[in-house]
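My questions all concern the structure below.
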Amino acid sequence: MEDKIKKVSIVISKGGLDGVYPGLIMANGARMEGIEANLFFTFFGMDAIIKKRMGKIKIATVGNPGMHMPSLLGVLPGFSAFATRMMMKTMDKLDIPPVPEYIEMIADAGGKLYACKATVDMFGLKKEDFAPQVDSIINVGRFYEISAGGEIIFT
Amino acid sequence: MEDKIKKVSIVISKGGLDGVYPGLIMANGARMEGIEANLFFTFFGMDAIIKKRMGKIKIATVGNPGMHMPSLLGVLPGFSAFATRMMMKTMDKLDIPPVPEYIEMIADAGGKLYACKATVDMFGLKKEDFAPQVDSIINVGRFYEISAGGEIIFT
Amino acid sequence: MEDKIKKVSIVISKGGLDGVYPGLIMANGARMEGIEANLFFTFFGMDAIIKKRMGKIKIATVGNPGMHMPSLLGVLPGFSAFATRMMMKTMDKLDIPPVPEYIEMIADAGGKLYACKATVDMFGLKKEDFAPQVDSIINVGRFYEISAGGEIIFT
């Protein structure tokens, strides 16, 4: 028998609901099993913890062959918002909360949230731009320290 | 000398041939080295194990700067199908099989395939919608149990 | 206290600046902490080590909801180049070098670079097409051997 996984450190690097949700679901699932969970938000994934943006994240409809729709439809303004509403309705039925509530729920369950320093500097952000659940702004070196002894999952 | 890797648990989360193949190639490569291989299909990556869809997966041509083509070309209907045929011809020459045969080959070699419960519920799918090689529908907690003692690779 | 991470093996599989930079930043961050760093370039990520292409990598503007711009704007020819120049200016201010210099810097710091054999065969590439910092062309099995005892990070 292998030892149980003790810790997961999940990097959320992509924007859009489809970029952000997999990492949140894996972090939440870890906490439900008593596994330590760290979330590290970087590049476009950082939207999920920026106060002004976390409630407005949409699904990507262009360049996503998994959506099964002609590409020309995907570039029509408004269509992404429509697909987003559809997806959120379904998630609601499954008890998967919207991003801001999900972030709060994971933090309340003991998950730790970090913002990537390089991205923070690149976008000119400040600590007060982030949701209060964000523990701190850390660099890659510190991320590796925090992740030691667990699995790193880059999403 | 480090110990050999004993197990890889690969998450396939993205649609399109370019989303699906990397995980299949890494799973197949693992089995060829005697490494235990688990595949966990989630979000748009689930197309690769849905009977009706696994034979029709295309390559993404829009929003993919690695394709070296103007974006306007990428949104023309039919172009994705063309790029897909080109890629599949090349893969055929390299003995990389189409998705359905590749799935079968990996399962025959002892790789284990799982579908993500949250995605199954979201898309309203049932066990009979999946290729017969799919072992079961599992949640994130079970995925972590299966992955213990190995590397998690999220693609 | 957990043991420190000793090794990271980072797969760069996606094209575009936003596909390539996260892996380079994580590899560089690892070397700065004395962590062994292997980079494995595959699929569209391979552009980052191809001599003719590594200096011309652009940012993806279509199908990227994290960019906060209407999709129709993203498909206009020239816009991707504009967004790319903006991003590179900001990165320059943060002392993050362009891709060719970054590759050189990581190699000089002791990071090891590998090209994926399947992709090399698929695109009909040869060893001389790659930057001199590329150590060798390896298959997935060899990648697992090299990665043993560390974290695999698929970007």
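To keep things simple, chains are lettered A, B and C as they appear, and every chain counts its residues starting from 1.
Operating definition for what follows: a contact is a pair of C-beta atoms (placed from the backbone, for glycine too) under 8 Å apart; a residue touches a chain by one contact, two chains touch by 3 or more.
Fair warning: this is a prediction, and the values are worked out from it, not measured in the lab.
J.: Based on which chains touch which, is the overall arrangement a line, ring, star, complete graph, or other?
T.: complete
J.: Roughly how big is the turn, in degrees to the nearest 5, that lines up subunit A with subunit C by CA atoms?
T.: When the C-alpha atoms are superposed, subunit A turns by 120 degrees onto subunit C.
J.: More than half overlap in residue numbers between the two sides of the subunit A-subunit B interface, or less? Answer same or different.
T.: Different, since under half the interface numbering is common to both chains.
J.: How many angstrom lie between the centres of subunit A and subunit B, each centre taken as the mean Cα position?
T.: A distance of 22 Å separates the two centres.
J.: Which residues does subunit C have that touch at least 2 chains other than itself?
T.: In subunit C, the residues touching two or more other chains are 60, 62-64, 74-75, 151, 154.
J.: What residues on subunit C touch subunit B, complex-wise?
T.: Checking each residue of subunit C against subunit B gives 7, 11, 13-17, 19, 42-45, 47, 57-64, 74-77, 80, 118, 121-122, 139-141, 143-145, 147-152, 154.
J.: Mind listing the subunit C positions that touch subunit A in their complex?
T.: Residues 2-5, 8, 18, 21-22, 25-26, 28-30, 32-33, 35, 60, 62-67, 70-72, 74-75, 87, 90-91, 94, 96, 151, 153-155.
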